[in-house]
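Listed next: structures, encoded as structure tokens.
Below are two complexes that have chain A in common, paired first with chain B and then with chain C.
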Partner chain A sequence: MQSNRLGWILLAPTLVILFFFGVLPFIYVVYVSFHQWNPFAADPTMIFNGADNFRKIVFDAEFLNSVSVTVIFVLFAVISELVVGYVLAQAFMKEFPGKAIFRTIHTLPLIMAPIIVGSVWKLMMTPSIGIIPHYLNAWFGISINIGTSPVAAFATIIIMDIWHWTPLVTLTLIAALVSLPPDPFEQAQIDGANKRQIFFHITVPMIAPAVVATVFIRLMDALRTVDEVWMLTGGGPGSATRFVGVHIFKEVFPKTNYGYGSTISVIVLYLTIVACWLLYVTMLAPRNKKD
Partner chain B sequence: MSNPDNSPLASAHHEEEDTPAVSSPKVGFLPIETNWFDRLFISVVIWVALSLFWFRFVEPLGLSIWISNAIALALAVLIITKG
Partner chain C sequence: MKTVFKLASSAIALTVAAGMAYADDAFWKEAAAPYEGVTLRGVTESSPPSLYIREVLAPQFEELTGIRVDIETTSWDQMFDKAIKDMEAGTGIYDMVYIEQDIIYSYLARDFLTDTTQLLADNPALKAPTYDEANFTTFANYFKGDNGHLYGIPMEAFIKIYLYRTDLFGDADIQAAFKEATGRDLAPATTHEEYTEIAKFFYEYGQANNMQLWGATVQGHTGHPASWYEYYETVAPTFGIYNWGIDASNNYAATVANGGEMNSDTAKEALQWWLDLRQYAPPESNQSTWTEVGTTFGAGRAAQGLVYGENAGWIASDPEKSLVVGKVGVALPPLSDGVLAEVEGGNGYIGYYDGGAFGMPSTSKNKEAAALFLQYIGQNEVQPDWAVAAPRVTNTATYDDPKVQEMNTELGGYYDMLRDKGYLFAGAPAYPFHAQLREAIAPTFYSILTGDISVSDGLDQMAETTEATLTELGYRK
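And now, the complex of A and B:
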């Protein structure tokens, strides 16, 4: 009983902070999502409108389009980051000349604020002054303009996200790989297992918790990407890169539609939680053993 | 040599063993081990999904959202008690 009470006492500051900065704002957003509210209107009072915002959202073509665009972006970005991050982590497990310098340079994008990343990539991608369109045109004869081509804009955002966040995946996977005990690998080699068998039957199951944690972090981050996209494309051309984060921003700030913006936020939070939960159930949750 | 059962570490170990488990996994019809909070969470997820589906496809046909809520409530009771 003593250790139980001590545990609660030690947890109390964290729980209090979480309640005021996590739970209360969430409850408030859910509350606002059931209202029509424009705080800058002549009449700024909240008007309760039941589930009308949720009725509206399932027919909102712009929102549904933004969800599908976001899901495609998240799939491409997170899977690519995981693959590239794993390859780089395996490379960093070996010794090679200039490893320390390469590791430092490779980690640099992580320390850049997303809005800086967006503006730097905007400069690099702008036709006539950007280095990337210039060399693509000079070397390969490819003309690229993210202001007019939806595919180019979308691909650029995915590449930018991979460039920015792969180091995080690499670092977490290096931590997981370093902590693996050598015995199972040695035993597998003695038993004659090949590299593919060792990878799928030993490495992957042993680093699965770290992979899932990394995917959780990247999934949640990618689903709420705003600033990089806002700086690079502003959601355009058309609605090609109008991700849900950008959609919420445009709904809440220029339109000052706080009630509906909160509804979109609640639905996006719901989708994020469900995606993470499904991932957890698929990868890690203990199965029922029925005899 | 002191008696190992009288050492502080041994008593702490016994104390941990005496502490009841916070949540007890249960074997039900769900394919994963769950405690009551997991089953409540699954029920809420289904309730929200069913409501959104209802708003989009069923309510335009004239069926009230309260039918969806009743179905979700029945499912929640089933999942929490037998899941």
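And now, the complex of A and C:
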């Protein structure tokens, strides 16, 4: 009882902050989402319009497009980061010359703010000035312009995201791999299991919680990507990289469409929760049930 | 940026020295005495004129009055975001906000701003003897409300001009080659056809001579409002399409069917002309905002271009940033037949008169102290050095200052053009829905730029979206 009370006392500051800066704003956003409210409209007051905003969103081609490009981006980026991150984590488990330097360099992108990453990549990708288009053209004869090619712009954003966030995945997986007990691996080797069997039947199940946690983090981050994209392409060319975060930003700030923008935010939050829940059910729930 | 700071540092020395000679120091000290120790906060765009305020005028004012002035310089988007959030929520964080000319009508519609004329009239003790609204150029009219009172102190004003390379245009061999290719003498274009012809010539000249030279700049970013602005503020007026093709007096009609011009044949011709220029523009044009256009021109990568005046200064005079110092001339933009006569007659405009003011939010908690600072930056006395550090003129007396005259020569007569031809240019139309409408139709505009939709269909769609959006916002009945 005593420790229970102490626990609540220790938690109290966090809960209070969460309530005022997380729960209350969320409730307000939900409230606003049921209103028509643009402070620069002829009538700037908040007008209750029931579920109209939610009805409108279903037919909003720009929003649906932003969701689809975001989902494609998330799939490509998160899966790639997971694969590359695992390979790098395994590499860092072994000793090789220059490992410490390589690990430091590899981790550097993590300390950069997304807005800086976007700026740097924009400089590197500017046609005829940037280093990447220059060498792609000089070495391979490839002409790339992210201002005109939707594919190039989209691919660049995925590569930029992988470059930026793979180190996080690597570090998390290194922590998981280091903490694995050696016994199951030794027993499997004695029983004659090959590397593929060990990977799928021992390594993957044992690091699954860490993988899922990492995927959760990256999934939620990727779904709200704004800064890098804003700097690199501004959502263009056209609407090729107008991810849902960028779409919400443009709806809420320049358009000051607070009501409808709040509706989109609520829907996107709901979709994020559903995606995480599906991931949990698919990857962890069966394992927990078996346990 | 380095140059700006160098200029700023030099200016600090100059202005501090000059400040000693100001006869009215006593007024500032006395008027500011009740507010000594107060900290004023302002937010503005990170542009040369704003950096001058932060680095020079604010410290100078603080030294004189004991009132601290913190100026936050940030990106264009963030500046609006922060200011609007503060004023909308009524938090009163900022005592001064940058008001771009095109946003003033939105702010006035929401009563976001303090009537500075009235504030000074109500508080005569705050009125500086060296400050007078009559000192401002007519650009100040954009910051007046319906009552004729000033709601922002003008701090920068430029025209978007036709910039060309005098070294290329004056080169005898190039002139001969141009004559041979086109049958006419090489001179700054006065028509769109001539402009395209020159762009094509220099593009081909650059290719043939293996030079990093293209025919014209194009502010053609495919995902940033800069491209939208280049078309509506700079290109369309030269074809005689004003106020974005919307007829405010006719229930904000945009479509031709309802009496607007947004999707008229002329509007389509104008957009097609501009899009066609991209074939002669540097490859970075599709990612260029106003900043990159300046950089492209300063790097000597374009023979001509339509460039914001705020960039003309460093392009023409800063050897650390520009490769074309002393090689820049200015001219009026190319025009369709009859447009100049129409504008001279008082109907329409030929280009964008850009600029902004420092205004005081209604929610400011330090209005009296802020009023002092705003007057301080509005005095004639601080203008010349400011105009040299960042080419902007807001006070009529500034034109005659010897330092400004010297700068005018370096800028190829830019200040003369601003003074003598400024009346041909205009700020954004008085729409309180400026950003809201822009964002509603910009996605279609970007699709036109990427070729996903034709010019004709795109402008038809944009005109219809405009009317629908204005109906939704309650402006179109």
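One rule holds for everything that comes next: the second predicted complex is superposed on the first by the 281 of 291 C-alpha atoms of A that agree within 3 Å, B and C clash if a C-alpha of one lies under 4 Å from a C-alpha of the other, contacts with A are read in each partner's own complex, and residues count from 1 in each chain.
Definition applied: a residue touches a chain if its C-beta (ideal position, glycine included) is under 8 Å from a C-beta of that chain, and two chains touch if they have at least 3 such contacts.
What you see is a predicted model, and the numbers here were worked out from it, not measured in a lab.
S.K.: Looking at A:148 after the superposition, I want to know if it touches chain B, chain C, both of them or none. Which is it: first, second, both, neither?
M.R.: A:148 contacts chain C only, not chain B.
S.K.: Touching A:119 in the superposition: chain B (first), chain C (second), both, neither?
M.R.: After superposing on A, A:119 lies clear of both chain B and chain C.
S.K.: Touching A:39, do we find chain B (first), chain C (second), both, or neither?
M.R.: second
S.K.: Between chain B and chain C, whom does A:127 touch in the aligned arrangement: first, second, both, or neither?
M.R.: second
S.K.: Per the overlay, which chain contacts more chain A residues, chain B or chain C?
M.R.: In the superposed model, C touches more residues of chain A.
S.K.: Return first, second, both or neither, reflecting whether A:49 touches chain B, chain C, both chains, or no partner chain.
M.R.: After superposing on A, A:49 lies clear of both chain B and chain C.
S.K.: When the two structures are overlaid on chain A, which partner does A:4 contact: first (chain B), second (chain C), both, or neither?
M.R.: first
S.K.: A:234 contacts which: chain B (first), chain C (second), both, neither?
M.R.: A:234 contacts chain C only, not chain B.
S.K.: Which residues, counting only chain A, touch chain B once they are in their complex?
M.R.: Against chain B, the touching part of chain A is residues 2-4, 51, 54-55, 57-59, 267, 270, 273-274, 277, 281, 285-290.
S.K.: Which stretch or stretches of chain B touch chain A in the complex?
M.R.: On the chain B side, the touching residues are 12, 15-16, 19, 25, 27-28, 30-33, 41, 45, 48-49, 51-52, 55-56, 59, 65.
S.K.: Can you check the complex and tell me which residues of chain C touch chain A?
M.R.: Residues in contact with chain A: 77, 80-81, 84, 88, 106, 109-110, 212, 220-225, 282-287, 292, 432-433, 435-436, 438-440, 443, 446-447, 449-450, 452, 472-475.
S.K.: Inside the complex, what are the residues of chain A that reach chain C?
M.R.: Those in contact with chain C are residues 38-44, 62, 122, 126-129, 145-148, 150, 233-242, 250-251, 253-257.
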